[in-house]
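Once you've had a glance at the structure underneath, I'll fire off some questions.
Chain nomenclature is as follows: A, B, C and D, assigned in order of appearance, with residue numbering initiated at 1 for each chain independently.
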Amino acid sequence: MEAILLQILNGLDKGTAYALIALGLTLVFGTLGVVNFAHGALFMMGAFVAVGVQNLLTISARVRDTSITFFDAYKETPYLELWWGDVGRTIIDYAVPISVIVAIPVMLLVGLAMERGLIRHFYKRDHADQILVTFGLAIVLQEIVKGFFGANPIPVNAPQVVATSVDIGSLFGLEGITYPWWRLIYLGFSLAVIGGVFAFLHFTTFGMVVRAGMHDREMVGLLGINIQNRFTIVFGLAAVVAGLAGTMYTPILSPDYHMGMEFLVLSFVVVVVGGMGSLPGAVAAGFLLGILQSFFSMNEIKAYLPGIDQIIVYLVAVIILLVRPKGLLGKD
Amino acid sequence: MSDDDKKFGTLSRRGFLKASIATAAAAAAPTILIRNAHAFVNEPKGATVTLGFNVPQTGPYADEGADELRAFKLAVKHLNGEGNGGMLNTMKPLSLKGNGILGKKVVYVTGDTQTKSDAARASAKRMIEKDGALMISGGSSSGVAIAVQSLCQEAGVIFMAGLTHSNDTTGKDKRKHGFRHFFNAYMSGQALAPVLAEEYGTDRRAYHLTADYTWGWTQEESIKNATEALGWKTVATVRTPLGAGDFSQYITPVLNSGADVLILNHYGKDMVNSLIQAVQFGLRDKMVNGKKFEIMVPLFSRLMAQGAGDAIKGILGSTNWNWSLTDEGSQAFVKSFGAEYGFPPSQAAHTCYVQTLLYANACEMAGTFNPCGVIEALEGFKFDGMGNGPTEYRAADHQCFKNVLVVRGNQNPTSQFDLLEVVKEVPRSQVAYDPKIFGGELGSCNA
Amino acid sequence: MSETSRNIVLSIRGVNKTFGGLKALSNIDLEIEEGKTHAIIGPNGAGKSTLLNTCIGRIRPDSGSIRFLDHDLTGGNMKPHDINQLGISRVFQTPEIFPELSLLNNVMIPAFAHKEGIFRFNPFSALRNEKAIEEETMSLLEDFGMADQAHHHAGNLSRGNKRRLELAMCLIQHPKLLLLDEPTAGMARHDTNRTIELLEKIKQSGMTKVIIEHDMHVVFSLADRISVLAQGAIIAEGEPNEIKGHPKVREAYLGSAEI
Amino acid sequence: MQTIVASSRARDILLLALFSVVVLTAPLWATTIGAGYPDLLQKFAVFGLFAIGYNLLFGLTGYLSFGHAAFLGVGSYATVWSFKLLTMNVIPAVLLSVAISALFALVIGFLSLRRTGIYFSILTLAFAQMSYNLAYSVLTPITNGETGLRVLRNDPRVLDAALGVQVEGSPLADLFGITLTGYSGFYFCALLLILGFRVSLRIFRSPFGMKLVAIKSNQTRMEYTGFNPQPYLLSAFVISGMYAGLAGSLMAIVDPLAGAERMQWTASGEVVLMTILGGVGTLIGPVIGAATIKYFENIFSSFNDQVLQQAFDFLPDWLADFMVTIISPFVGDGWHLTLGALFMVIIIILPGGMMEGFRRIAALFGRKPVKEGQA
């Protein structure tokens, strides 16, 4: 029982991670008609915003460790800590929440620059050209990050108060259900972001125009609305959502320059299983695949189907696509 | 199949790349080389001798590869008599003279393995076929090491393995032309066992999470055997997909499994992520069976420990070498490396540096670059002064036997590099084993 | 209504179809006679497209039957290629051609389909050896006055010429029934007239045709018989002259239209 | 893009002859760009073949498969197993590989081709990833997992044993007495590349090929024209799967080892990139794309500071140092960066890939622009 509850939580958690990345991908495809292979790189850049903020906050006074004579080794104490003591320490501790605030404008700028500078010129080109150019862009962005931060994963900590787990079982009168605070926060945050995106698209005029554009681009253009600028903003929005997902994920997954590529394939699968261009579909598929992946990793199931956890995501994708031609919630 | 085939079949199956290498120089006709009786592949004719350093330059292990490359360059410098000489000052016995190898200046070529067998082999072949490398070294995964090792056997050059920890490299996949200085999973288990008994007692229940591929399996087996010999029980061994990223679905079952030790048979990013996440799930704060829950990572590396941040503190594991060792050889190496690059070398850098020197020294001992001579010189070679105390290259499987370090993530690091504290230097006698237990055969020298 | 002496190509009897609660076709009876050009007219939303797709077995009717020559198409599970292989070719409302291919290739492909059936695996036979088909295609293109452009990309043609090309693609298959879905929709008057000329020529060859059309000018120039569709039902049928004077038609459809 | 009938037999023969000459003289001209050694030449040929086959699907029908590496991997495994169980002769190995990869392609193609567009792509990706993940882990008894499947001296090899053929040293692939390693291995690959090119040329020039292009151009019209696109697509899928299987087989022939990572999505992605980079739907483009990417991977990655220093030896010291500083981030461990930038630059300037560039250069020199399909 506890095991199943825990796996559901795991699944939801994974699901939100997939859904957040997939959301932007499907939004961009649905509105701009662009297959963006650089979307994973946006997720990665969001994560490195957190690394950058942490590095900035921890600029340190360095005291030479004199016991080491062969090279310069330092005991580092961040200036913030030196200047403001506990307050400084707390600020550093809250590096990730601070990064979230920083990530929004940074990722928006990145997104806008990317759309204006490159993507916009590829709306009318073949998908093949789009794939090559965005793949090239992803590699370039990745290598630039590698140049600055190296290839190793870099640890980013959640604030102390939420760095461990909480006994949520006691809430429901069950025993032994502890779950990391940060994962619960991540879940809540992601649901809020997803909700925010939906609200934005459904309850604002801007959003309605965008949704109309997803259905019929020419028609909206004929109405005399400058859909181009709106699409630029949509791309920026997608970049922000992917970036925030990356920033918030850092305490769970130490970021490295390669992480975007690893999420790219999975998020494409999520998008397509959900139905290309369908936002609710992307979210639903994210949760579905996340939960199934968690369940099929259980020893009880693996005992009968060895290796099933290796392929479950793809297997489900195949079954869904064969049964439903346009994915879960895709429109014909 | 014709009679002709029978006739030629046995004759023509010669050394793998030889034909190509010889013709590479002539670069044209598809001739089958008739080999001159005394020649060997890439025999250095000029004033230089070329070594090939094949390391991951892209992909998740790129930093480790970069560190290996630094060590190689340093080794080349020292061999050529530049710099402060490093371990040339401490190695015993020493045949090197600081004038290159056998009087020829050492030059090197580099390549990118991408941590993929195919890419690593392609890169090694380039070094052998195009650049005329006599020896290949490097690598940071067992799959790559084994793939390149068998290539070198076929090509008739020497392979001095870099970071590879699987039992198979000098076990069932050992080769006459391949040599490993790094320790292996079996040694990790043997070294860790006494420390585990001391620290955690002999009545423990272990839960393994294992990367689902060859290296993970051999480590799981070795650690399982070693801990069960102590009296520990194994609750479960669970395989996880390589590069899973989020391990939550594998960690939550541990919580209520009744296990009180979690053993992570992961390396690199998998290790970083699974360890961080296990700590977040509060495993280390738990009391199970009246004991404090512990996590253990049998194979540690400082570079990867950096990625795990605070999660590494207090975690036990084993490592081949650490820069904080105070023996003469380690000090000499750390000093040279630190002076050159401004930070301490990793264990991967250490093993690559040592391997290069050992190869060069063997050439000097043999008085030839001929791989058969070099192999003979290396087999059973006993040396000291290169860290890890007195060491022997065992002739039976080309595995180095030396002290193994049991380390713990440092609770109070005095500097940014001070991540691991050495708990115990387990003497070589404790980690030795009978070469027969892993099977495999070396084959014969191919030159 | 039917007499045994006349040769009926397509016969539709008592066809009904509802989508959701909406009656799309109600009790349709229609017979298309061999060699005749039959026009179906009606205001927007009258159910013309539904009727067309039902005729060729793409949509399954709720009741009634559809026969094309000896084939029962009532099941509604016909694949487009099966329909074509029965001898029905179709011209679409917006020209469906192969824009990346040359005009010659555009017309050769249906010629191959006519000759080879739905599938033939011949990756190693050279196209340049298919002289017979090439010549037939070229002579048809000449008839259409497009021979000089045979090696140009079809995508660069004007809309009117694309329509003509599409017609050529259908004609090379010598269809037993040619369906034309608003063949002059969205065309300039000049192009419309050229298309009418062309269709008149085809008419002389005695090919059976069904035309769905908006433009009365086109309908009355070409049709032998006209059925008028309104709100899913046929409200009148007859020779063009009969239809012109039919009061119900005037009321439902032609009221303000110029005839 | 295609004016298929317009190509005359003479031009095709000339094209094939030119292609053959360029391929067969590769050991000579490749030396001038530092690529003149057997392994890289073999890679050029093998991946050229892979890309030619891939282009028959993607270039002609427009169906973007993201799982072709699976067939490459299957081909490699089949060849190594043939070496292990039957004989070191390559003929059974090649036949077996092509047959088995065709079978795989038939099954995967049959299921995946029920969908179009990105849905098709993801289906192929899913099948390939499943193959890879299983081959890397639970199928290790068949694939030898991470380490890769290798030919061992004591494998049974029943055919060789029956004929009394013995192996001394490491077992190597042979063709009736010719050991297929080094340059002989390259020539074997080169001959099959030329054969593969010729088959591709014929398909391009056949009614079958024209119909594939028609499917890409307008599937609705194709259906109403009376062709059933499914069997055409499936044939193209299986043919290109067979090319992939053959390429995989050749990889295992010139270097008898088969690893699971050959089947990973990145490997599938690589052939997509090769094809697009060279020019989708062109005859020669995919080969050029394949060679370019392999050249970067093997040669650019090998440039280190030492090599650069030597290259700029002729310059004054300060200038040489400057050049090395400028260039070194883009070579060696920076080769990925250069490759990524190359993708972007080429596709921004040249929609349609490198072949478009050659076409423009030809046009610059006043020649009538050579249309692909006529070239």
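A few notes on this one:
Assume a contact is a pair of C-beta atoms (placed from the backbone, for glycine too) under 8 Å apart; a residue touches a chain by one contact, two chains touch by 3 or more.
Since we're looking at a predicted model, the values are computed, not measured.
Relative to the centroid of every protein C-alpha atom shown, the closest chain centre, again from C-alpha atoms, is found for D. Spacing of chain B relative to chain C, judged by their CA centroids, is 74 angstrom. Work out the mean CA point of chain C and of chain D, and you get 46 Å between them.
Computed centre separation for the pair chain A/chain D is 34 angstrom, with centres defined by C-alpha atoms.
A separation of 35 Å divides the Cα centre of chain A from that of chain B.
Counting partners per residue, chain C has no residue that reaches two or more other chains.
Residues of chain B in contact with at least two other chains: 62, 66, 212, 239, 241. Among the residues of chain A, those touching two or more other chains are numbered 307, 310.
Each chain pair that touches appears in this list: A-B, A-D, B-D, C-D.
Those residues of chain A that touch chain B in the shared complex are 2-3, 6-7, 9-11, 13-14, 17, 65, 67-76, 146, 150-158, 163-165, 176, 178-180, 182-183, 251-254, 256, 258-259, 262-263, 293-295, 297-299, 302, 307, 309-310. Chain D makes touch with chain A in their complex at residues 58, 64, 111, 114-115, 117-119, 121-123, 125-127, 129-130, 133-134, 136-139, 265-266, 269, 272-273, 276-277, 280, 329, 334, 336-337, 339-344, 346-348, 351-352. Note for the complex: chain B touches chain A at residues 59-64, 66, 212, 236, 238-241, 243, 245-246, 248-250, 252-253, 255-256, 269, 272-273, 276-277, 280-282, 285, 303-304, 306-311, 331, 334-335, 337-339, 341-344, 414-418. Of all residues in chain D, only 1-9, 199, 202-203, 205-211, 213-214, 216-218, 220-229, 231-232, 235, 239 touch chain C in the complex they form. On the chain A side of its complex with chain D, the touching residues are 35, 118, 121, 125-129, 131-133, 135-140, 142-144, 147, 261, 265, 268-269, 272-273, 276, 306-307, 310-311, 314-315, 317-318, 321-322, 325-327.
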